[in-house]
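Data block below; observations after.
Chain nomenclature is as follows: A, B, C, D, E and F, assigned in order of appearance, with residue numbering initiated at 1 for each chain independently.
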Amino acid sequence: MTGERFERGLKTLTEIDGEAGHRVLDALADVSPALGEAVVSWGFGEIYSRPGLAPRDRQLVTLGMLTALGGCEPQLDVHVNAALNVGLTPAEIVEALLHSAVYCGFPKALNATFTAKKVFGERGLLPVTAE
Amino acid sequence: MTGERFERGLKTLTEIDGEAGHRVLDALADVSPALGEAVVSWGFGEIYSRPGLAPRDRQLVTLGMLTALGGCEPQLDVHVNAALNVGLTPAEIVEALLHSAVYCGFPKALNATFTAKKVFGERGLLPVTAE
Amino acid sequence: MTGERFERGLKTLTEIDGEAGHRVLDALADVSPALGEAVVSWGFGEIYSRPGLAPRDRQLVTLGMLTALGGCEPQLDVHVNAALNVGLTPAEIVEALLHSAVYCGFPKALNATFTAKKVFGERGLLPVTAE
Amino acid sequence: MTGERFERGLKTLTEIDGEAGHRVLDALADVSPALGEAVVSWGFGEIYSRPGLAPRDRQLVTLGMLTALGGCEPQLDVHVNAALNVGLTPAEIVEALLHSAVYCGFPKALNATFTAKKVFGERGLLPVTAE
Amino acid sequence: MTGERFERGLKTLTEIDGEAGHRVLDALADVSPALGEAVVSWGFGEIYSRPGLAPRDRQLVTLGMLTALGGCEPQLDVHVNAALNVGLTPAEIVEALLHSAVYCGFPKALNATFTAKKVFGERGLLPVTAE
Amino acid sequence: MTGERFERGLKTLTEIDGEAGHRVLDALADVSPALGEAVVSWGFGEIYSRPGLAPRDRQLVTLGMLTALGGCEPQLDVHVNAALNVGLTPAEIVEALLHSAVYCGFPKALNATFTAKKVFGERGLLPVTAE
């Protein structure tokens, strides 16, 4: 877990996911450090660090994917935080999840919205108001 | 299939999905016109028409969802076209689908990328070059 | 959240989902009232209110979908209640979920069956006996 | 592939799936006859043969599951035929698939509806008209 | 719940899943004993008992499936235990779940790895060390 | 697309996926060479090259994942070939896919088995016989 790629990945992970990203790495340390290394070095050091898509845009795509996959509430929690960290507003996040009802149906849209509500509550961002 | 909501939805559908959206409506006419009506009046007339998220942002979320759901190649075809129609570049679309490999794995990222390639080919946009 | 369509949807929601539906709306109020509005006005006011399929039949289809999607235990809870409200017996619900093992595999059939068990327990309907 | 359970399963399979079920068994003969045996003896001989849920109700649940799973168009083809064979009307099938948009989103509802359209066309049942 | 097939299935279930399998059967007793019977008689008595694939190989396939399906943490818990019971090491299980990131993406790989960590912790197998 | 990691990945890809892997890379060249690079350098150069799980075991896990994901028939085609290349027999592959019916249901097991049949046919391996 050293080298230029890992360092760049850790820096990007810290900027985007903040503390939550580090908690995931810590939790992996005694069971699968190699998975943590892959998240940092490949996911963040190689893919997230590419200039072709803005951090805000990456989080919009990611919110769509995690909502559609289903069963990824822990990762949605991290990425609703990440979305806020890179400049998406609560109202935009909520609108993206409303939009997801068209493509994924209401159950997945509801699960994702309640995960967002939990994060907004923790960050003192409730109630969400239109801009 | 009349009324203000339907008309607004049809206008938005035409702006975003273009001809492809109309082909879907035509194909539904003799089997489930009510599904076509729901796509237009609710999907486009109510959700897509909301001002809270830019059309370009809606397509980023949509590309993420359709890639993650899997088995939605016909809809991805429509929405890669839609993404181009609302101002995303081929390079940004390709980057979003590369990003999807991190969250959905390579098989779904590959299926989506090859659907995008088909659309790009039809529109004379190959090869895709970094901006 | 007014108008004829919303009122009709709220009436249908109340008949089918009962208190559980209202709890979902209340929980959405400070984060995404628009999602609650969409559930009521479109989901219930437009789709559920159509005469083409009996309420009991709609719940059979819904139980199948929620079991297959996976990760939708909160919605399955609401809809096992809904299924009972519109006349399906516990034995029929359990049989539908056994049937789901053929198409979705045992893990999803088990998750759905244990969600049904929780609802049956809350409503004093255990043990389930064949009719 | 003999015995009372297999015979009962084959009889039920023939009643419900008709020719399409037998084509699946034939196609499995040189690659996985054991999978064909499992479909017949367990799926149909044990589960489908249980009296706790009417054949028509089993197909409603099955249509919901296959729509939600995604990527199961070959099986949806067989089961739209099966649904017609056990007494569901084209209008009820189409209504069930419209209902699925609420829970699974439009892409899966569209894929399923176009599969149903193909079957209806083969059986001279287009256009579908409300009852 | 008697007969040669059920007895053989129960013996195989006990060898592979141990106590966890019996807990599932017990929990089904008052809601869907027929689902428990299907798991034992068909799943274990017919499929698991076939000689064509070693028990260890069956668990590798099963870990891959449960990780990919998503939302099956209770079953993954049972099958990480089963994998250990039939001779897979913690390091091999962790490696299989790292491998799953390539095909299913990081969120599902993480969910599965943390389920494995929970099981390893209960069995005193942490930290996992490379062999 | 150079460097030690890429070279090692290409070597591993060639050993396991053979010609089919190279066809995927060629098809990506004009649309997303970065996705091809990620498959080779990360997927094969980093993950597949790890010694912790035998190539044969990696393919068993992969067959399970691709069957469960659904809609990944092109990738299943590549990996049924890969499974044969690393020493799994047609009978073992067919048995793994029969086993998948228990966890994923019959539709996904059937789709995967018919993909395997296509590959076996192309390689002159039909009919499959028990060992």
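The rule we apply is simple: contacts are C-beta pairs under 8 Å (C-beta built on N, C-alpha and C of every residue); 3 or more make two chains touch, one makes a residue touch a chain.
In UniProt terms, the chains line up like this: A, B, C, D, E, F = Carboxymuconolactone decarboxylase family protein.
If you're wondering where the values come from, they're calculated on a predicted model, not measured in any experiment.
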Intersection of contact partners for chain A and chain F: B, C, D, E
Partner chains shared by chain A and chain D (touch criterion as defined above): B, C, E, F
Chain pair with more C-beta contacts, B-F versus D-E: B-F
Whole-Å gap separating chain C and chain E, where each centre is the average of the chain's CA atoms: 30
Centre-to-centre distance between chain E and chain B (centres being mean Cα positions), rounded to whole Å: 39
Where chain F touches two or more other chains at once, by residue number: 34, 38, 42-43, 47, 50, 66, 69-71, 75, 94, 98, 101-108
Chain E - residues contacting chain F, complex: 42-43, 47-48, 50, 52-53, 57-58, 60-69, 75, 91-92, 94-96, 98-104, 130-131
Chain E partner contacts - residues on chain C that touch it in the complex: 70-71, 94-95, 97-98, 101, 105-111, 113-114, 116-117, 120, 126-128
Touching residues (chain side chain A, partner chain D) in the complex: 101-108
Touching residues on chain E, where the partner in the complex is chain C: 24, 27-32, 34-35, 38-39, 43, 66, 69-72, 74-75
List of chain D residues in touch with chain E within their complex: 34, 38, 42, 46-47, 50
